[in-house]
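As written, the chain order gives the labels A, B, C and D, with residue 1 at the start of each chain.
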């Protein structure tokens, strides 16, 4: 098969999946937040509000595209493009799965494997600050400017602990290629305990993982670090002046960044697509089991549901889940999708954590935010890196 | 490898610690550092000597190249042979005792830490001097001890006389050092090396007709340095004034160790001197004259430290006499015993001064009862210097006088007369200080044990030090085969006569001395005023020099020519600057353009010179 | 392929560089400069220096230029005004620049007459391992000195900018 | 890389360097001038890396690395200086900062 064609197909698949996820993660977030706050969340558009993202997208598309008169037009337009494209680029080096064979074509479930993949992701993430900063500055208005300045300081400040946290598992794995990093975590201690970098000897990266996660919250401007768009003090921060599709772009960029950092965390600390326990304990059947359980649950809840609409939508979902579970029992499907399942499960868990934290924690004050990174997170990251380096050097 | 470098290093460390941190440290700390480092040096010396015994061949250790120019390599190399072993024992051993003594003597002085830092610095340089394996390193030590001597003479820097004395010592030494450095340069030019072993082997290999002129010049120039450092005629004038320093300094530097550096240097260069007989004759002449004249001056002085200072000059004259008489071993032997009894004399004098707060012998007296330990130990030292049989001074002086007689009989007789005078003035001082009635004010008291214990140790050494025959150790085959008993009896008798005369003048018939002095009249005044040498120097050397400097060098040369040239250059530079200032527009972009021009020039120069290929 | 990539990104770099110099507003200049840097990063990768390509983006574009942009925003720099205070630069600048470029071209033309292809031997030299090995063995001392330099720069920058917090 | 002559890289480097020089000499905003310096540094880095590639050595890349480090330090201090200047003089015009003349 023509390698370029293969690349195009893969790119299309990944982009499609990513866009779909971006569309629906907002729905998931709203639902989870709603349930944390004892609400129902979107419920009107489609079953369980499932069509809400589509409706939102349409709304944003058809709103009037305002271009305020006092802005720097070029930069004002450039900023959202920059933000969203940078957010999407990083995905290209993330390995979602191992080498698979589909219809006689062997390929990696990854768009591109750079031998400096980690550095590539870091480089791209270091550029994302421009989207925010330019947006704030080009708006030529005080709230966006303040938001942009805050954002720049915050992102620069948190990029350092992020870099430190990323460097430590690199030492443990001994490679800069994301694929190699995952492959290096392949074995199990005692035959069942995963040798993910989170647990891996000689230097378990527990602190590194925590530092990475906290810094990632800040890098993606998520609560409790969403100072740049703190609505009760800065209106909407750097994107106050933006509307319609340009506004949606920033929104999308934020979620894309979230997905990127969660994927990175999965690859760097949680063993990427590798299962939690080895195949001889039946890890290949875990997806089927999980889907079957979900299907059973939906059937159980859906059939006697109080809501009329649920009485058919939930069972339908349940049946679909059961069918998917059945598909997962086919060896060919299993071979391709089981790693993907594990990857998505881990990333999904992390994304859930992001949303969960947003629903739980209040926003920090700005000085607290800066002091936290410079006096606690960064030193912790450096200490973690040095201890890791020492332990790795001692073992070598 | 015996790590000889550790020996000088310890005092250097002590100097650094005390010098840098001593101001805030407690006295106990300063003591511990100062004494401890010297003690370590002493112990390391003993250990090294024990390891290298019997040290029949020199032991050389090379550390690193200090100067490397073309073929010339001057290393930081240390060497140890029997000669330097004797010096090492004297310097570290006597130095240690004097350091201990100084705890008590300096206990109430200001600048305590400074004193000990300087003392340690002196020890470092002295040990470098002694251990050096080449002339340049020796010169480093030589200059270094001069520096520390200057610092310590001027220790009481608030006293004008002390700073003047320090300057005098430094400047007079400079004259000697000038000659010394010329000598070293001549060695370098003629032999292409400064290493002792190489120089001496080349000297020995030199044919006599070539060597005579060159070697005599070198030896005489080195001798100039030696006379300066060892206070010999004509450069001895600084030593009496150097007594302005604290007494332990006088004992350590101006009696036991530093002033004998000249003797050590000549003995070290013995090969060179043996090939320059004329220079060696000069050494003998200088020695005998110095010994005699300094002894005569010592007869009349009333300041106890001055008496001993002239005695030191006189005794070093003896050593020079021995060197000149080709008896190098005897010279070093006398250096060895002299270190003990002269250090003891000074320390005892210090103890006396400590007791009465006074240096003038006329205001002492009767101290025998008040300070018995001081008295008895001083008596030991006096006996040793007077050559009372079987004390250390007896053996070494005996060796010297025998050698002198062999070399030139009249020098022997001068030596005997000097010995009599030596006995006289030392016992004069003893009798004036310890016998009769106390003539001063206040209540004299004995010194604390920390001072008396070193006195006792040195007293014992003064008595028995002569039984270790350094001369035989250094020169296993004696040059003098026969041992003339008659000569020994004569010299001992002269010494005892001097003691007896002193006893008659100052104990049995007090007042007789004044009568004699009056009778002698002019002669007495001449000697009492030290032959007016200082005044003569002042008139003949200092005045013309200062006047000439002021009128010719300062007003003429410096102000007119040099300042004129310098100011002229400055004026031209200002004029040029006034023009070039126009470049300094303050505009960064202009500067950038200039840089651009420069870069272009550099690029063109490079490509013109063939770069880029 | 390589030649095409080179031409594309060289063209981009020159265009961006021209804009850096020609744009009147500092922010625009800064953004175009980022363009230059990213193009150069691609060229570095083309030369096999992958690590430096990443470092170029992280350090230059991600750190240094962010600083520039922030400072431009802090001082709210507007478009620059023309001034002709420096006559030297005004009159001699352009000829000198032309001469410099000419000299550079001449030297290059003499040094590499024609057709010498940048060596293929280089591929694989430039991974993080290679750089790291060289940095921590041959260039250890400069590396440590550089770290001290950076520390000094941090302290210096804080001292210089501290007044703002009074 | 195969097919791309070293000279091309050097030409590009020279052109970018020239642009940097031009910016330095002709621009009036001190920040832009500063950025022009960065442009020159980048141009030189390109030469270094091209030579490193041509010679098959890693040393040139190390030089470029150090240039980056120095540039980072320089930017931090330089921008702090610019901020201070701006606070004191309220201008960024390079021609107005001429008190160091005569």
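We take it that a residue touches a chain if its C-beta (ideal position, glycine included) is under 8 Å from a C-beta of that chain, and two chains touch if they have at least 3 such contacts.
Note that the structure is a prediction, hence the values are computed from the model and not measured.
Centres computed as Cα averages put chain B at a distance of 65 Å from chain D. Per-chain CA centroids place chain A at a distance of 37 Å from chain D.
A separation of 85 Å divides the Cα centre of chain A from that of chain B. Chain B and chain C have centres, each the mean of its CA atoms, that are 67 Å apart. Multi-chain contact residues of chain C (touching two or more other chains) are listed as 51, 55, 63, 74, 85-86, 89, 93, 97, 100, 104, 108. Those residues of chain D in touch with two or more other chains are numbered 21, 25-26, 28, 95, 98. Annotation for chain A: no residues touch two or more other chains. The touch graph of these protein chains has some other shape, matching none of line, ring, star or complete. The set of touching chain pairs reads A-C, B-C, B-D, C-D, using the touch definition from the header.
Partner chain B is touched in their complex by these residues of chain D: 21, 24-26, 28, 30, 33, 94-95, 97-102.
Chain C contributes residues 1-3, 6, 10, 13-14, 17-18, 20-21, 26, 29-30, 33, 36-37, 40, 43-44, 46-49, 51-52, 55-56, 59-60, 63-64, 67-68, 71-72, 74-75, 77, 80-83, 85-86, 89, 93, 97, 100-101, 104-105, 108, 112, 115-123, 125-126, 130-131, 134-135, 138-139, 142, 146, 149-150, 152-154, 156-158, 160-161, 163-164 to its touches with chain D in the complex.
Of all the residues in chain C, the ones that touch chain B in their complex are 85-89, 92-93, 96-97, 99-100, 103-104, 106-108, 110-111. Taken together, the chain C residues at the contact with chain A in this complex read 27-28, 31, 34, 41, 50-51, 53-55, 57-58, 61-63, 66, 69-70, 73-74, 127-128.
Residue ranges of chain A in contact with chain C, taken from their complex: 72, 74-75, 78, 114-116, 119-120, 122-124, 126-127, 129-130, 133-134, 137, 145, 148-149, 152-153, 156, 159, 176.
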